[in-house]
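Each in structure tokens, the structures are laid out below.
What follows is a pair of complexes built around subunit A, which joins subunit B in one and subunit C in the other.
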Partner chain A sequence: MISDNASFYKKDILPVTTFAVVLLTMPFWFRYIGGYSGLDTKIVIWIIFAIGFDILLGYMGFLSFGHAAFFGTSAYFTGLMLLHYSNNILPAITVGVISAIIMAFIIGFLTLKRTGIYFSILTLAFGEMLHSMVLSTLQDWTGGDNGLTGLPTPMLFDIKMQGDNVFYLTVIVAIVMYYIARRIIGSPFGLMLKAIKSNQVRLEYTGVHVARYKLMGFVISAVYAGVAGALMIVYEPYVASEFMGWHLSGQVVIMTVLGGVGTLFGPMLGAAFMLYFENVVSVYLGAQWLLVLGAIFMATVIFLPGGFVEAGSRIKKALTGGGK
Partner chain B sequence: MSDQAYFSCRDLHAYYGESYIVQGISFEVAEGEILALLGRNGAGKTTTLSAIARMQDPQVKQGSITLAGQDLTAMKPYEAARAGVQLVPEDRRIIPGITVEENLIIAQISEPKGWDLERIYNHFPRLRERRKQEGVTLSGGEQQMLAVARALARDIKILLLDEPYEGLAPVIVKEIEGIVREIKELGITTIIVEQNAVAALKLADKAIIMESGEIVYSGSAKEVLESKALREEYLAI
Partner chain C sequence: MVNSIFLQLLTGLQLGAIYVLISLGLALIFGTLGVVNFAHGAMFMVAAYLGVVISQAEWGGWGMAIVLVPIILFGLGLLMERGLIRFFYTRPHTDQILVTFGLAIVLQEGFKWYFGANNLPFATPDWGSGIMRLHEYLPFLEGFVAYPKWRLILTAVSLITVALLFALLQFTTFGLVVRAGMRDSEMLRLLGVNISQRFAIVFALGVAIAGIAGVFGGPVTQVDPGIGMVFLVPSFLVVVIGGMGSLPGAVLASFIIGLAISFTATIPALANIIVYLIAILILLFRPRGLLGQKGVME
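Up next, the complex of A and B:
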């Protein structure tokens, strides 16, 4: 273990550096493939969300259909902080992420006792419960259907958080969080998550308090969702009620599956692809774009269960002459 | 029975749902002793071991289990494991999807730790060869070896071996026998369940024979080996 630590670092340097370079240079090349500034920021935010989702689905093996609950809770609290406390993003993001963590402890505690489809349904139910609370019971605070409007321009002390500033902030956060995710996956805790995925009962007999580790995995995943939700408000100071809705939960599932579950890299690719498709390619496809996306999704699930990552490794195999 | 036994089961009644399997058994094991738990198929041997390891099934509805002064009766599986109980079940319970080495590392995540990897590999060179291989792709004998090694990776107080020779080739049986003998030399308190009893009896200090959920014989292992009548009546060997 200890002797492997050095290679852990080495193993992480190349992917993380590549990731950093690709994201940091995005403003220079993205427009040549039809992208525009703003969309790049959104892609990076969704990448953070997808990384966290993959830790839960790909490594721990739990499919949540209610991850919008954490994205949304954090978004609302970030928005409320900006509106009522200070336009500085630091306290706003901190409170936003903490609110997502608290929510994850509550929902995780109540749902993780079940596995498989029952877990998925429970998370969906909790997500929708929060969504409807936002629209009804809590509408004096949340603005109901209109969302939370009238937020001030977010500031990082004296820096206005607009345009490139937001982009580079999200990129830095994404790089750090990607690195952390890789370290988590490579650690004994990551090994534990894999063992939970393959057999919880067996793990329990080696003296592991499985329930506690499941909750930790769930909360970590929610932190990523929370960070993404908070950054979304920094990017666009308006909290839409959809941030809490099942549509958003479904989107992150589709991204992760499209890209390749349990690869970290795949879901990031899936997130980028989905947003690019939705905002750039859809212009050429007109109203049918959702239909095409659906077809792509089905084809992926049927022919490439490992997502884009599997496609990549198959192409690589074909190019190297079908050898090993 | 004395109060200070290292391990003891007292008036244990265990159920699988409605079916009443273990019907009030009491026995104890002294520290460092090997107990052979014998009997025909369906006598309740495995159920007894599962109850001791505090598996979700069977349910213990009456009686108590104590180990080195701790009451295991109300513990959860992971708590019993931390208290020092290690079950090596018939199916060996290797965790799929991870390597041999990872199976061993996982066993050491929660305290208390036992042997380190180096010591394990020195005792089981085969596992060192296969450390990067997925645990469930090992042969039956190697999986058994891994299961025992994983138990030793934790600081155990009592080892429960459920039919360690089941379904293995004679050569491998020899190897496992060697491992069990080593366990004995290390002074690890062990309960070994066997249907084909001779191998177990040769190693054990004491023997218990179960029939229909009750203990019908309790004495020294040697006595069972030497008594034709006992063996014919209860063990069919």
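Up next, the complex of A and C:
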């Protein structure tokens, strides 16, 4: 895609600014809709995770059921760094994200040669392999079932990373990562990812080294998962073994699909919806909130494959009289 | 020495027996319909719960459970295929995975709501309880060797089910059509065979076999809402190791995995990941799986 830089920036400025304003003002309005402090941070972390997942699922067309592997690996390494090296978050997050990248190279190498279905099964399997390793083989390092406990309060040099500080840190990271995601999607590389989604065999025949692009797309999406995993530990200095489990992988799948794959905006909405649903709406539903969410998810897949974004555009269409 | 090897062999077969029943259904459904059923584990879970309920009901009993559960699951499978899956044949594969995944969540959470999250005790019937003194039948064993009777029954049932399924596919007209459908369904449709009706039956058959796994495997495993997912992942790997869509491959891979787990049981760190290690080796050196056909999902 060849376009002049000026329009390029213009295209990104409005959505990114809106995104920034909405997130930054969250502490002021979030409590009026039933949210509480802390939940907003968690939502922002999941938004980062969902953005990365959408690059893989929405743009490249690969449905991973093992993204907890990257979230979890990064979370554990961040936790271990905080515990054994220093309570400064910079080295911890760096090592966490790098570990997720390495893991993505390994798992990507093993799984990406396969087609869609095969890929989903294998990512699920490798995710579960890491989960079971964390619980048994590596439990001397990971704390097994109890998770990694006793982490010190994370610090950014002299600043204590608690409450609002964590919130603003995650928001700044989220804004930067959203902007980067938009640039990736709009770049020639992003176009290549879309080409992989529509027909990777044909792309291969045009002389493109498809495997390399797939691995790159996969690793980029793992970076987002890794950043989210690391921030989760900064937000709450405790590494739960569930961070590696398929539930977490399933959650990011659900929120991305609910919001609308391949839109970046949709999955962010889906992440916010899901966390809001889990923590606020669930009060009215009791323990059955997941049952209701599962039903909503099924209904979305069946009737509204484009998720919330499609619902929005359908409503808009209806209001403007079909737009014909 | 002979004794411990023999017992590990037996345990391996018994572990494989559950995997084979679950993964046969998966392979059957994948091979014919091209659908990856993420709700297949949930079907196993449903069957185990039905087994508990029917075997302990006043009107029921174990005989009733053995007969009824596979039949109910067959009906459930038909319902699922006709009511849900068939609308997804023309949709992308990811949508099929997503909708069956959603169904798995709904079933799991529904059962958790009704039965609670805890393990339900699933007692074996009188005729299947206790131990079998194997040394009385097998002279090469030294001293006293006993094995739980139910686990032997489970293994036998599993082997019989496999034999019956293969006989059905090999020696009946129905089986002929299904095998042809697995090879080239489009051609079959052009020849005027009502393939969708037969595929609905195949889907239900796969689910019914998971039903057999649930009712016979339930007392050996656990009966809780999460059990489906616990067995789904290794069963997927069985299908991958055996070769996607290959039924003999699924059988072979099930027993390889069962034996591998049983023989590494003394090293827990290895036993927990041995299945994945085998899968990785297969992926690296024989991507189409042990008995997979060339070109299929390679």
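One rule holds in what follows: the second predicted complex is superposed on the first by the 319 of 324 C-alpha atoms of A that agree within 3 Å, B and C clash if a C-alpha of one lies under 4 Å from a C-alpha of the other, contacts with A are read in each partner's own complex, and residues count from 1 in each chain.
Just so we're on the same page, contacts are C-beta pairs under 8 Å (C-beta built on N, C-alpha and C of every residue); 3 or more make two chains touch, one makes a residue touch a chain.
No experiment lies behind these values; they were computed from the predicted model shown.
When the two complexes are overlaid on subunit A, subunit B and subunit C sit side by side with no clash.
In the superposition on chain A, contact of A:Trp246 is made with subunit C only, not with subunit B. Between subunit B and subunit C, C contacts the larger number of subunit A residues. Once the two complexes are overlaid on the shared chain, A:Ile117 sits against subunit C while remaining clear of subunit B. Subunit B and subunit C, viewed from the C-alpha centre of subunit A in the overlaid structures, lie at an angle of 80 degrees when rounded to the nearest 10. Contact with neither subunit B nor subunit C is seen for A:Val309 once the two complexes are overlaid on the shared chain. Legend: residue contacts after superposition of the two complexes on their common chain; A:Thr206 is shown touching subunit B, with no touch to subunit C. Within the superposed three-chain model, A:Val301 lies in touch with subunit C and out of touch with subunit B [touch as defined at top]. Look at A:Ser198: by the touch rule set out above, it reaches subunit B but stays clear of subunit C. Subunit B and subunit C never share a C-alpha pair closer than 9 Å once the two structures are laid over each other. Shared contact residues of subunit A with subunit B and subunit C: none. Those residues of subunit A whose C-beta lies close enough to touch subunit B in the complex are 1, 188, 191-192, 194-195, 197-199, 201-210.
Of all the residues in subunit B, the ones that touch subunit A in their complex are 53, 55, 76-78, 81-82, 86-87, 93-98, 102, 105-107, 109-111, 117, 150, 154.
For subunit A in complex with subunit C, the touching residues are 57, 61, 63, 65, 110, 113-118, 120-122, 124-126, 128-129, 132-133, 135-137, 246, 250, 253, 257, 287-288, 290-291, 293-295, 297-298, 301-302, 305.
Residues 30, 36, 84, 87, 91-95, 97-99, 101-103, 105-106, 109-110, 112-113, 229, 233, 236-237, 239-240, 244, 268-270, 272-273, 276, 279-280, 283-284, 287, 297 of subunit C touch subunit A in their complex.
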